[in-house]
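Shared chain: subunit A. Partners: subunit B in the first complex, subunit C in the second.
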Partner chain A sequence: MSSPIKFLAQKHRKQTVIIAVIGSIYALSSWILNFDSFSGFTAVPKAFTWLGVNFSPTSESVELLPRIWQKLIETVALAVSSTVVAAIIALFVAILGSKATGINNYVHVIVRGIASFFRNIPLVAWAMILLFSFKQSDFTGFLALLLMTVGYLIRAFMEIIEDEASETMMALKATGASYFQVIFQAVLPQIMPSLISWVLYMIENNVRDATLVGILTGTGIGFIFDLYFKSFRFDAVGMTILAIIIVVIVLEVLSNQIRKVIL
Partner chain B sequence: MLEVKHLTKSYQKDKPALTDISFSVEPGNFLAIIGPSGAGKTTILRSLNQLIKDDDGQILLDGSDIRSDNKSQLRKHRRQIGMVFQNYNLVERLTVIENVLHGRLGYKSTLAGMFGIYSEEEKKEALELLDKVGLKDFALQRCSELSGGQKQRVGIARSLIQHPKVILCDEPIASLDPASSHTVMHLLKQLTIEFNIICVANLHQINLAKKYADRIVGIRQGKLVFDEESSMLSEEILETLYDQSISKELE
Partner chain C sequence: MITRDDIQNVSGYKKPQPPEKKIKLRKFNWSRVMIYAVMVVLLSVTGYTLTHLDTANVKIGDAIHGLMMTLNQIFLQPRAGSDGVMPLLSALGISLLLAIMTTIIGAVIGFLFAVIASRNLTNAYFGAIIRVVMAIIRAIPTIVWVLIFSIVCGLGTNAAILGLSFHSIAYLTKAYSESIEEIDQTTIEALKVTGSKFWVIVFQAIWPTIIASLVSWTFIRLEINFANAIAVGAAAGAGGIGYQLFVASGMSFDFHEVGFIVYLIIGVTILLEFIAVKLRQMYITK
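Up next is the complex of A and B:
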């Protein structure tokens, strides 16, 4: 009966090999990139000092706050609206596509494919593609965020439905309830907390991403960030970044509070 | 009366999960199905309300075959068959009374059911049934806040409000401690007699099956091995089911 011992020894060896492989991949890639690990790391504090000196908001940049604030609100609104619309679309599609509630396995595979397609095109690529059709406008940003978020949420919602609602669904089906009764009385109430939790998470993410998209579409906080940056007003850029960080943190705290209440 | 005739099912080709299962139960009777893990007990039970589509045979409820139902006939049959699950399968986020009222969905129009609109009589009956299963004061509590035994009693109330001819229980006490197990089994037995229902339960506890069931059916590798009055069940018969002595279990 030496097999468990052999198994553990093998497992140990495997772990060593894995660590060695990761180490050599790192070494190889830094060699390819001409990336000198040591001087790379020592440069980090220097970079931060430079940042601290040049990007510190001054009294002048404080005067810009109302304008920054207005643009920030626009950006948050963009993130929230695109996420909410995406969530509604994703919920419908996920119900049609999930293994538990869906039409059939073909639809399931197709929906998974579509979701993965939307999810795996980088946000920046979406924005740049959409710029051709919709020019620089809030709508372009809205659509780019929407499409990517739909991709994420469809997959998340399908998995939530399959994990959390299958058992109660079966119980209601057994009482003779019809399909729509089962969806409304069992599936939706059962998955609601996880669903809201995901939507909040996507809103947090999309506020950050909306900033990035704004640089491309020339809207919201991204636009003035870009503007200040290109006109070398680094103190104003610092102010903008600070404002973004504060809003993101506030949103995170807020959504954690909401989660605590609903879960 | 519930009659099962020559029920057959295989999930994969040449690997029969059920072969030629036949038995019948009269109203007011409690039938226990026992057998080792993977024998096919769940498959039988879920075939009885067609949650699983079996391959061949007949399932007659008062003479009409559930297997040949179209969609709306199946819905009418299903509402006469309550089901109680090992994991209770309640909507945890909803209140106790909402979960009980779910048992009425099969009788409602799609729209009324979707939005959970119930009549006064239905609500009153839900409260009476909660009283009957000993949960009178829990009506407005969220199901997630109940103990396992309490959840199972909500599940039983949900099936009773269907006015069922049959209640199917798939290991109703497998997740419960001994005391709650007895409460639940006692309740099922008592309701079977009081409402003149057919109760079919998959059980792993042979002593409880003997104590509460009127008849016991043994399943092994998809085949019916015995069908006995529970008082007649002997050690020799049980050995044919499990391949080992289980006299300890019987004590």
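Up next is the complex of A and C:
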């Protein structure tokens, strides 16, 4: 048994080593990336004063507001629809693939693999690959978000089914209910609240990601942002960012309230 | 003869009547109503959007055929292409370093803010202000942050580091302060009674209690930051593997190279996920 002093000394040494390792990783990275921490962080206040001056709304940018809103609402609708379609697909696949309701263990492993594959291909790659065949349209953005979201939701739904529905399922099976009765009377009602909660989370996420996809595929709010940004109309850029902030925060507050009621 | 009816009349016994109303099989609750309402709203938005979607008049059959050809090139015939293996690997390294560095910055500054912002530790008003500021920072997509900083610092890694760090700080502040708020109040009060200073409480009581969730949140953020580093490289030209991906798929249309890059990225993300799982197990068993 080690004495308290020895224990504290050991703890101290361990902490020092961890801090030293993290510090040296930081130093090494900033050296390789050519990042000067001091001038980097002093750029932050400079950036904000610059923002305050150039991003402040002008009469011209206020006139653009209806156009910005229209694109933003289009983007939100796109994020919502891609998430909902992804959720429907993911629910079917998750029921087929989960350990509790699935066909067998091979299917489980295959489904997990597919989900992980879709999740790990970067959104940028999906956007660029789809852009090549589907051209510059909202449909391309929709597909890119859809493919990415499917990967996340399959995994989430499978875990939800395994965690939450197993016991209810067992109870219903004991009464002699058929497979479909078990699915529709036990599994779906049981997992619905968590399912909706995940869908809301993915919608929030996809609204943010839709901006990125928009910049790459030339659609929605991302396109407008890129257009104003590259033509140096910073008052309009500021207006666009303000609109994005408002929509994202409203969505976050709304989905938190919904979550409070359903969970 | 005495009939059953007579007995009933004498004793005042009444035949049990069937209940007037049907027994309710479901209890009314707001949760169910809300779930249906949300589903109806989401499905109608989806229906409207999908029927009004602009598809740029692409013939779906041709597009899917083209997509299959591209996917075939990407996933079945990956090749390093004209860039060569080494430059791609070093670009991958740069993206990974970007992710690690911004996660370190985010974790350190995020922890400080989280301590200040947690409801059970500090002044409520000050905490509320920090939470609102962080919510606003989080609402702006990472790519937009990077583009904003690129105006001041010039396009490149500096802007990428600052932009990614900003979003990481805001995200980790929220995650950490939620973990801190889950701590049992008695632990903190016990230390306060002994007259411990604020930072002693933070590092002797809070830090050891939440270290497991701290580590797992930090690793989740590292994975997100790696994905963001790629996105930023592609959409803001901030260098790294993302930029190579953008050039290969959007300019030189070399899909064999895209495949190679995608496999590299998948390799790193799976590695990160593996490390995260192992670390979590290590801290949970401790």
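One rule holds for everything that comes next: the second predicted complex is superposed on the first by the 244 of 263 C-alpha atoms of A that agree within 3 Å, B and C clash if a C-alpha of one lies under 4 Å from a C-alpha of the other, contacts with A are read in each partner's own complex, and residues count from 1 in each chain.
As a convention for this text, contacts are C-beta pairs under 8 Å (C-beta built on N, C-alpha and C of every residue); 3 or more make two chains touch, one makes a residue touch a chain.
The model shown is predicted, which means the values in this text are computed figures rather than measured ones.
Asks: Counting only touches as set out at the top, which of subunit B and subunit C does A:Met192 meet: first, second, both, neither?
Replies: Touch partners of A:Met192: subunit B and subunit C.
Asks: With the two complexes superposed on chain A, say which partner A:Thr168 touches: subunit B (first), subunit C (second), both, or neither.
Replies: A:Thr168 contacts subunit B only, not subunit C.
Asks: Mind working out whether A:Ala177 is in touch with subunit B, subunit C, both or neither, as first, second, both or neither?
Replies: Touch status of A:Ala177: first partner only.
Asks: Thinking of the overlay built on chain A, is A:Lys135 touched by subunit B (first), by subunit C (second), by both, or by neither?
Replies: second
Asks: A:Val84 in the overlay: touching subunit B, subunit C, both, or neither? Say first, second, both or neither.
Replies: After superposition on chain A, A:Val84 lies in contact with subunit C alone.
Asks: Check the residue A:Val53 against both partner chains and state whether it touches subunit B (first), subunit C (second), both, or neither.
Replies: Neither partner.
Asks: Check whether A:Ile5 is in contact with subunit B, with subunit C, with both or with neither, and answer first, second, both or neither.
Replies: neither
Asks: Once the shared chain is lined up, is A:Tyr26 touching subunit B (first), subunit C (second), both, or neither of them?
Replies: A:Tyr26: touches subunit C, not subunit B.
Asks: Tell me which of subunit B and subunit C touches more residues of subunit A.
Replies: Touching more residues of subunit A than the other partner does is C.
Asks: Where on subunit A do the contacts from subunit B and from subunit C line up?
Replies: 192-193
Asks: In their complex, what parts of subunit C are in touch with subunit A?
Replies: Touching subunit A: residues 30-31, 34-35, 38-39, 42-43, 45-46, 48-50, 53-56, 58, 63-64, 66-67, 70-71, 74, 94, 97-98, 100-101, 104-105, 135-136, 138-144, 147-149, 151-153, 157-158, 161-162, 227, 230-231, 234-235, 242, 245-246, 249-250, 253, 255, 258, 261-262, 265-266, 269-270 of subunit C.
Asks: Provide the residue numbers of subunit A that touch subunit B in the complex, in ascending order.
Replies: It is residues 167-168, 170-178, 180-181, 183-186, 189-190, 192-193 of subunit A that touch subunit B.
Asks: Give the list of subunit A residues in touch with subunit C in this complex.
Replies: Counting only subunit A, the residues touching subunit C are 22, 25-26, 29-30, 32-36, 40, 43-44, 46-47, 50-51, 77-78, 80-81, 84-85, 116-117, 120-125, 128-139, 142, 192-193, 196, 199-200, 208-209, 211-212, 215-216, 225, 229, 241, 244-245, 248-249, 252, 258, 261-263.
Asks: Hey, which residues of subunit B end up touching subunit A in the complex?
Replies: Those in contact with subunit A are residues 49, 51, 75-79, 81-83, 85, 87, 89-94, 102-103, 105-108, 110, 113-116, 155, 158-159, 162.
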